[in-house]
Amino acid sequence: MIVVMSPQASREQVESASELLRSRGLIPVSSTVAGVTVLITEGTDGPELATVLESAPGVDRVVTVSGSQRLTSRVFRPEDTEVALGSAGGAVFGGTGFAVIAGPCAVESPAQMNAVVDSVVASGAVMLRGGAFKPRTSPYSFQGLGLAGLTLLAEQRKRTGLPVVTEVVTPEDVKCVAEESDMLQIGARNMQNFELLREAGASGRPVLLKRGMSATIEEWLLAAEYVLHMGNSDVVLCERGIRSFERGTRFTLDLSAVAEAKRLTHLPVIVDPSHSTGKPHLVTPMSLAAASCGADGLIVDVHTDASNAMCDGAQALDSEQFSTLMGRLKPVVEAVGRTLSPALTHSLAQV
Amino acid sequence: MIVVMSPQASREQVESASELLRSRGLIPVSSTVAGVTVLITEGTDGPELATVLESAPGVDRVVTVSGSQRLTSRVFRPEDTEVALGSAGGAVFGGTGFAVIAGPCAVESPAQMNAVVDSVVASGAVMLRGGAFKPRTSPYSFQGLGLAGLTLLAEQRKRTGLPVVTEVVTPEDVKCVAEESDMLQIGARNMQNFELLREAGASGRPVLLKRGMSATIEEWLLAAEYVLHMGNSDVVLCERGIRSFERGTRFTLDLSAVAEAKRLTHLPVIVDPSHSTGKPHLVTPMSLAAASCGADGLIVDVHTDASNAMCDGAQALDSEQFSTLMGRLKPVVEAVGRTLSPALTHSLAQV
Amino acid sequence: MIVVMSPQASREQVESASELLRSRGLIPVSSTVAGVTVLITEGTDGPELATVLESAPGVDRVVTVSGSQRLTSRVFRPEDTEVALGSAGGAVFGGTGFAVIAGPCAVESPAQMNAVVDSVVASGAVMLRGGAFKPRTSPYSFQGLGLAGLTLLAEQRKRTGLPVVTEVVTPEDVKCVAEESDMLQIGARNMQNFELLREAGASGRPVLLKRGMSATIEEWLLAAEYVLHMGNSDVVLCERGIRSFERGTRFTLDLSAVAEAKRLTHLPVIVDPSHSTGKPHLVTPMSLAAASCGADGLIVDVHTDASNAMCDGAQALDSEQFSTLMGRLKPVVEAVGRTLSPALTHSLAQV
Amino acid sequence: MIVVMSPQASREQVESASELLRSRGLIPVSSTVAGVTVLITEGTDGPELATVLESAPGVDRVVTVSGSQRLTSRVFRPEDTEVALGSAGGAVFGGTGFAVIAGPCAVESPAQMNAVVDSVVASGAVMLRGGAFKPRTSPYSFQGLGLAGLTLLAEQRKRTGLPVVTEVVTPEDVKCVAEESDMLQIGARNMQNFELLREAGASGRPVLLKRGMSATIEEWLLAAEYVLHMGNSDVVLCERGIRSFERGTRFTLDLSAVAEAKRLTHLPVIVDPSHSTGKPHLVTPMSLAAASCGADGLIVDVHTDASNAMCDGAQALDSEQFSTLMGRLKPVVEAVGRTLSPALTHSLAQV
């Protein structure tokens, strides 16, 4: 149940509504959505409580959401949320456009970043990706360049004017990653790292929330709820494959979950065709499929020297493959009534 | 390893090549592909054996396939196989067209069949489906009309001139189902019912082979191999969702498997968006996604009175939803450079 | 809902009770359990119907089972079912004993059978296994010796006096397999081969029903229901591992399902530690675990020359390993208050 | 590859060995194991490198581990690691004993803690559990008492003299949780929260590492490797169920993984039968099975007022059920040649 207070509600009125909820055994969590205070409870009590609350002073309306999502639900907010990044002309997720993020899995060097970024911008990417902090299964694998990687990424952001997204892996790093990038990526392994979600929510920065590799759609939306109830509604969900018995692909890309999530939530949903399939030859067909089933964008691994990539090179597209993907994507995006977000057309300076 | 004999090879030459294989510990299985005898072995021995065989009398060429698929592999046959059904103007799977099969989950009555068939034909289906023998989890659920259902389906085939596909669940029924329909469906639960696969192979009828709900891509292709090595190359594969932990959809539709199967095999692959998702609102987005990622067609549940359907009504589209799907499908199919197979335009008589 | 007729109920009374069910929209399936007619329906209607039925002439009692199992449910039959095989001194599943079936995966030759059988009998196996018809993923793999294998197995049955179980893969073979063996095994791939289940049910022979590799517990019990409603209550369930993402073991042995199945059904449940784990070093720990959690027995692959086995040799125990297993099993079986079924002590003639 | 330096190796010798590894393209990570410096690399290069290294000054021996585990591998350390907690008479995991941890899922109040702790100590638990920081799927669910909960748990530790384990969910909290408890639990959702693992490793406190719900055995051991390579070898692994398609149990308890992990690693492995099954009636059979297949202990949810539990009450045993479990556990533990770790026999003061 969500009790939406009116913009003019006094502190006393908020407290009085909270007290009413507590008297029914419900424990309200207070949040601020679009400048307005809302009180959120896990359970719903009966319909009679909603009626009582709606006539309480300072209460604007009461929303009863079935299931366990709350602020992420279309019942609370029917219209699509648009998450805009960067300054004017930047990337927008969740509107009529279809936006493609591209870049290397890991930031490695200035030369690598220049090469990859030039290439993906030329082909129409509207946002850049690149990992500085890499969560790796083995402690002996390359763990990313850390702060140095963050700086290299920020240089590309400045050079191209494009927004950048990068992963943050621990609450302590949120502040510095938020300063150097436009969007915080929460990786699949951290989807239920709740302290990290809360900290990302508090940062005010847009969040790219990857689905955990064994998370249900409901758990994914509840992870987003952790960000939203901190007052941050700029969340983009990202499907990146789930674990199944199938060994022919790295993970099983669950596009039904994209369509289902779009039905349940107002938040934008994008797809990662690279990490999910783990095979370059599957990236293009899965990208087209994502565009057709309602996704709002893609995040694609691109490397201009994949065989020497320090992380996950085997799945990255090269420049030419990415260019081909973008060319094939456009008619499909338009066939479902959307527009491929346009590439920047200004010239790029070398750092 | 596949030893392809020349069309003029004598019986003695075939036996001599077989003997050569046996002398290396390989046990050849003989099959006839496009009128030519081939000898197939599980293992491959060394490259030297291939050289010896290729110069043996009556041997045309030797194909060494890595992995365990043989006749289904693109290594054996690089070009796409087209499976054509019905007379001229019927459905073709695997060419440049994209063909849609539609109809009710189960055949129930003449009135139901007339209504559903009229509706799907009007919207552009080029082939009909309808189950007469229904494999059901519980022995107390409706098991299909059996032979009576087969007759009702055959009446629609005659009335419309469209090819029909229906499921066969046991080897004994193959002959009679082959007589009354154009294509034998092997359901997901029977994907590894090897006697049924052999019998369907021997029937010479085209086969629609659904992927088992926990079958790997490799196991699916090996099930097709059971049909092909009986001398029957007319197999259409059908992805219909796999089992995973996700409970928000009935099964997890694995579209990566469609793209991967298309890469590995020359056989056509279609998608069942109805049984996989179990939710009508997911059928259209998943159909569009299937068309984009390389599938050759769809098989869709349609019911004009879904709330009274005797089997799986909850997931069926109604006439209007199916018509909308077909309308949205056309531009997507064309955006990937294919053609939506045209609906018949002749008038339909009532049975 | 199950309507149990009294032993003296007339044909008219049965028909009258059936008619009453049909008038409420329930479609009764008639079966004979322990010589008594029962009418089984999928749904239950309201409690009032049960009251009406219980006072109808010829009706003994009405059992309302929640969930979808019926004759397999402990609600219908609270006490454990014991399935006894062979003549006096044979194997019994489901009582206070714990019985071990052992033998090779596939029957290969008289010498192999003599060696393996002598070895497992010496270590305490009370029943023999051996596959004559082998369902194999690839059509080019060894498919079993077929009828010749059946004969070899029957010779061991005669030689040892022990009951034997062997797999049947198609309805047509049920009659001949039932003649040559004491128990019909339905393999995991055929768990939902409903025609095969019905035919096995009609044969009157005890059935060993393996759980499908992606079957839920409920689907497994409903597959057993197909056998029971044909009037055959001698079903032993067998857990043999399910498919999961884990690749360190061949399948994931689901022992919770054993304990849960024992709670839900009166049928005996045994465990296959060989096919599930695929690793000999896991067979003993998983056998002990099975004995501790309530299983009624084991079915174990043993081969005296595993490296030359024609099928699944890699997972088989050798004689010594099997002997060690039996030695370690005894105290664990006794620690949970049961008795390891005793080995035969007569001398064995060579065939 | 692990290069074990001799205890007398100089800083220069360590650096020289590192340099040798780097010259072959291997990036060594330095760690301290039992007071000795080891250099660990992800890859292994050829056997020739090992020979060169073994004759380098200051190098004691070189261990080449196949697969990706290193310090956790039995190849590096063949004998079982014993993890001892608390002062003399506390709990030991990994020796010949079998130790049971018990307590409530969440710490709720002094009265609740007194009641549950008295009950589990009376029945033979040798260590206490209780969550103060609860990671919850929904932000609106009870999140644990936090620091107040930690204090309540510490009071029980003091009152009983028993060691306690509690979950830590974020790196920042490691220090304070390490002060108030004997062992840090890393939950399933945080198994790949690598910063948390590193921080726990650095704390020097023993770590209870739960397996992620979709983690392979290899990933689980590599997560432990993150703790070990920080110089902390006191890690106890805990299997708590994995995600599969089966919906009849909360998770699928993977006991094969316990036996397989015991073979691969020298670290102790225990089992959580409560969270894995989610059903009290499955806790006892799965506990007995765990004891039989090689587990070194259990961690069990117990609540004296489960129907009012604030978290996961539905799966907790009550006092009587726990007492019954302990009684049934003893003979099974002894049947596999181990000893149930004895309960304390001193009287307990009330806090």
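Letters are used for the chains, namely A, B, C and D, taken in the order the chains are written, and counting of residues starts over at 1 for each.
FYI, a contact is a pair of C-beta atoms (placed from the backbone, for glycine too) under 8 Å apart; a residue touches a chain by one contact, two chains touch by 3 or more.
The structure presented is a predicted model; accordingly, all values stated were derived computationally and were not measured.
For the pair chain B and chain D, chains touching both partners: A, C. The chain with its C-alpha centre at the largest distance from the centre of chain A is C.
To fit its Cα atoms onto chain B, chain A must turn through 180 degrees, a value rounded to the nearest 5.
Separating the CA-averaged centres of chain A and chain B is a span of 38 Å. Remark: chain B and chain C have CA centroids separated by 33 Å (rounded to whole angstrom).
The centroid of the Cα atoms in chain A and the matching centroid in chain C are 49 Å apart.
In chain B, the residues that reach two or more other chains under the touch definition are 214, 243-245, 247.
Those residues of chain A that touch chain C in the shared complex are 214, 243-245, 247. Those residues of chain C lying in contact with chain B across their complex are 27, 29, 40-42, 68, 70, 135-142, 169-172, 189-190, 192-196, 212-214, 219, 222, 225-226, 229, 243.
Residue ranges of chain A in contact with chain B, taken from their complex: 214, 216-218, 242-249, 252-260, 263, 276-277, 279, 281-282, 285-286, 288-294, 328, 331-332, 334-336.
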